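Across the two complexes that follow, chain A remains constant while its partner is chain B and subsequently chain C.
Moving on, here comes the complex of A and B:
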């Protein structure tokens, strides 16, 4: 009897090791991140063959700069999706944060780092407000953020009288136009940094783990002593900050804080916001994220948009393709997941 | 009587890394009740899934009424008259009883108007047959668990099932409801239906089954033999390869130690009134009552999930105000092993390591909340090993483990958290005998080491095995309390008397 017991407790980590190395490879090849990398390389080849301009220095630079913003937008949605919710007000918050930063610079003459911090604080506040309302009311984030999207945007338009702030610090706008090694935008480096920070958050901190546990099973998390309401609020706050970063990046790139920079109600951001995380394998029901996946997903989306525009496909077709891509991604993921489940690989 | 209806021969089914079934045989006869027994992970569920067409066997063959049977899927199996009542509830809560029973038929014609009058009168017939006293137009979510179970059976029968597989149908039933169910099963048997009955309660198996197949580690330990001449010990030996050890523990008195948890005249927002309860250090206090007596709810109120509206709570002699579960866990070191481990106890989609570490992440985290897996592993692995959790690795998703191992994980979590007060709610629901005995030893050992335990269970033998002192609840009130003499017959009588409210005065609350 004792022998059996020892054998069994020894089973942790030994028995299936040989088999697992083969499975690990299969799992890696079937992972979202790997699939995205393959797609990115594939489309890069296609675009560069069809239109040589795609690989020009400026084109690559512009691609990275645009991708940087889309990646931040994707992250902003990702951190809310992980709670099993969503945040329709990403665009509205991003623009509001950017406008507040612009206001601080132009009307109050604050130095740009302080103004940026102020803008991000605004993002955090609006996000936290979303979180508090959701947690207190117990309603789904869909309906709450739909409402706050309108409210935030409406109030912002009213307060700014729909006018832009163009008196932006040249140092700051220089940052958005700077080229490192002729092709890399500093904005992309900011996105990479944020990606690293988010990875650390979800992998190596108690806070990130508690957020994920809350998203995966709120009741179990609560009964394990996790303050779930606080976690949900934090996630929305983080979403607000990340949306703010995206908004501020746009200001740095265009040299002005413009109320319409994310379209009416900020809805131009919605498609990229969902595409990145969904392509990247973030579970819509919550509890699981892939920071790298979102990064690659958002990058792929940006590349497709840029490439299609270079091929002079009409802008409306680009929207159509992106929509189709979203649908395809979800369906593909469904098949991939059911395959993995059937083979008991996840 | 001995006419073979269904036969499985040499069934083998492997999954990557696991051989779930190996060369398994099984024969179901017409008009008999067949017990399928085995520990968790022995292959019972896989066998059921093979029979119902969810899994296709790697080798071996099935025959149904003498001809080869290769179900292409669950629907095909249903079409061939094989019905199954799963452990998990599979009804749609807001739909009526009638709609649920005939759901399969309803979905056949998307545009056809549903004739509710006929639907309900047809449903009525099935309900009458099963002796269920309920209006077919009533939504299922307003029924008791027992009636829901019967509605599931009605649904399976309405599909002309001649073979009915029941997966732990009595797990959440009271003794009385179980008796009713058994009367119905016997009648179905006499009508020529072949039933297969999966249960962990051997008393029930001996009471109702004619034949038995025991699986151990995916193989037949015995195959379709009669239950005659097979006593409880013999069955247990077949299941686990050794006989059951009934612990010969002596009664002990722990009420002289320091009080770890005291409730004084507590009332809650859920309706508890005048609850008085004391758990001493090193003591196991049992909280007995029927389902719905408010025991789990009281546990959750103690944990700070629901608000107390009156009275006082003392932890180690000091009055406390527990506002949230985080408070209870972090500050007062109270843990709660939920009865509903799938939705409240565990995060199924996360790993073993993450589940066990959940309550202590915050405590372990260092500067800027930083925390590595290695730290978590160091503080949790000893407990995971101690409990002999069978898992290929700590990264395995808990959802992939068997029920018994899941329960071990949800207990390991609180051991790792080093709680001083542990509330254990129905620790052995859906758990095999060996794990159950093991958990009992563990609970006893915990109390010997000074943990104060509050044990909630509806399993009377379990209660009498473990508790030092028993508090009986009914209808959100304490009916009385008694010291456990560990004499089953007198104790169970006194407990039942307390529930009926006959001994309230004598117990001297």
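Moving on, here comes the complex of A and C:
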């Protein structure tokens, strides 16, 4: 008797287990990260069939180098989105940090590691300033960072007289032009390292968990003893540092710190900054991030841009496709989410 | 509820305008020369359209990043239709306005039916519209603008009042009438104030969101067309630098970004303040690069004051209640 019962419950358990493993598989297949991987492979196949130059060593190297910068820009926005806010001044901060680094190298003759550290410190300071103003005023980060975007960029242009710093240490620019194994840029390795650090931060440290809790539900976080305002300021500071890293990477790649490298007011960075995290499944309402998703999302965007340019669709139209891509991404995400909810998978 | 005069949204900005004009006029009499006033009014006419285009979206508690992209697209469509197809300017202007309306409608439909935040939708369409603009023009301007359009964009009908001030005043009056007297306008403000309550009281929130975005697109296109006359060029870069200004003027005019509260007169005065400050930098040979800094500081200052008034009003309401 007991045997039968055991057997039966064992059988039921087995079925349940099979069902739950099927659900896990389905969840995995419907996850953002997996979808992005499929898209990356798919587009790589398409581009390499249409234009064999896509898989040339130089093309792959250039792709990785550009992706490295876009990934940093994406991370810089991601760490603010997770608080439920946004940071329009990423471009302005990135350029300001890069220009400050250039200034330290050219005018003060500092060795390059110190100058870079100075540039990143500038990024951190500007980001922290954003955070402090937002927390103190209680206003939405949109309007505050819109204003500081204008102020940071304006002050930077005023102080530099809109001129570039070209006297950059050759060791440092050599880093941006170096090729490892003929196709890998060291810049991409820096991005991977930063991605690993961010993953550790959000997965294993109390600080990262508290940041996420703040974004998910500010009131609940506060009640459970998290210093919410401090977390928001930290996130903005981190965003400033990451924007600074992106700016410094660009200096290393181009060999000069140029005030116009992110366009008027740094607006050119806005689209890549949002594309990466949104494609990667970061919730705009905050509380959830996917570092891997943002990494893959930014990589996919860079690949599409490079591929479209190789297919000679005309450089001017690329922006239209990227805009449509963002629309498509948010719509797909909407359908995916409603499907998962209907099937009670999340 | 009667309001004392200094409690109006437009009172603070008006005071700033009057004081600024008096001080600058005393320090530099050429500021009040008819020619300078004409230049000032030209800038105000175009910028007011840009600000109104954003204001109507702020009224429903959203934002429209694609204002500049729609304006630029309408501008090059206007220039291109006249140069390439030889269409007479009134028809070209009408078609360009229709294009702006359609672009705004697209924004509105996407926001209303997907429920995705207007920020992301208009960031995407900003890029799409700007890309179409660059794809058509390949970053080259259209140079052959009819003499009539150039004249309308720069000359005066009654010295020193420029022609461009006419559409500006008409639009301002229409918007004031819409927001303060018409049921549609009250619905727009109701949706901005509390979307859920508006829905429950029988307002079609989707319809209102789509209407507001359509009006925004139309006004952005109008600003683009006016700028073609003013610059005498169908410039592809028109609209690139509108974003900051489009938010600065409404918030200086007392608009609350969470929606439900905007002021047409305040926004107009906000545009005037920005124009005067910009002119002062030029008149006194101060670095023009500082314009950006001034705009940013103005926004912070204005949102700070609005926030202060909001908090005080809340405290007042609590006191009355207890």
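FYI, the second predicted complex is superposed on the first by the 327 of 346 C-alpha atoms of A that agree within 3 Å, B and C clash if a C-alpha of one lies under 4 Å from a C-alpha of the other, contacts with A are read in each partner's own complex, and residues count from 1 in each chain.
Here is the rule we use: a residue touches a chain if its C-beta (ideal position, glycine included) is under 8 Å from a C-beta of that chain, and two chains touch if they have at least 3 such contacts.
The structure displayed is predicted, hence computed values, not measured ones.
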(message) For A:199 in the superposed arrangement: first (chain B), second (chain C), both or neither?
(response) neither
(request) For A:278, select first, second, both or neither according to whether it touches chain B, chain C, the two together, or no partner. (result) second
(message) Applying the document's definition of touch, where does A:173 land relative to chain B and chain C: first, second, both, or neither?
(response) neither
(message) Output check: A:31 vs chain B and chain C. Expected answer is one of first, second, both, neither. What do you get?
(response) neither
(request) Considering only the touch criterion stated at the top, classify A:324 as touching first (chain B), second (chain C), both, or neither. (result) second
(message) I'd like to know which partner A:56 touches here: chain B for first, chain C for second, both or neither.
(response) neither
(request) For A:158, select first, second, both or neither according to whether it touches chain B, chain C, the two together, or no partner. (result) second
(request) Figure out whether A:265 sits in contact with chain B (first) or chain C (second), or with both, or with neither. (result) second
(message) Need the overlap of the two footprints on chain A, from chain B and from chain C, as residue ranges.
(response) none
(message) Quick check: in the complex, which residue numbers of chain B touch chain A?
(response) 15-18, 242, 300, 303, 305, 324-326, 328-330, 336, 338, 343-350, 354, 357-359, 361-362, 364-365, 368-372, 384-385, 388-394, 397, 400, 413, 417
(message) Under the definition above, what is the set of chain A residues touching chain B in their complex?
(response) 1, 5, 8-9, 11-13, 15-16, 19-20, 23, 200, 204-210, 212-213, 216-217, 219-227, 287-288, 343-346
(message) Residue numbers of chain A touching chain C in their complex, please.
(response) 86, 133, 137-140, 142-144, 146-151, 153-155, 157-158, 162, 264-265, 267, 270-271, 274, 278, 284, 314, 316-324, 326-327, 330-331, 334
(request) Spell out the residues on chain C that touch chain A in their complex, using ranges where they run on. (result) 63, 110, 114-117, 119-121, 123-132, 134-135, 137-139, 240-241, 243-244, 247, 251, 257-258, 287, 289-297, 299-300, 303-304, 307
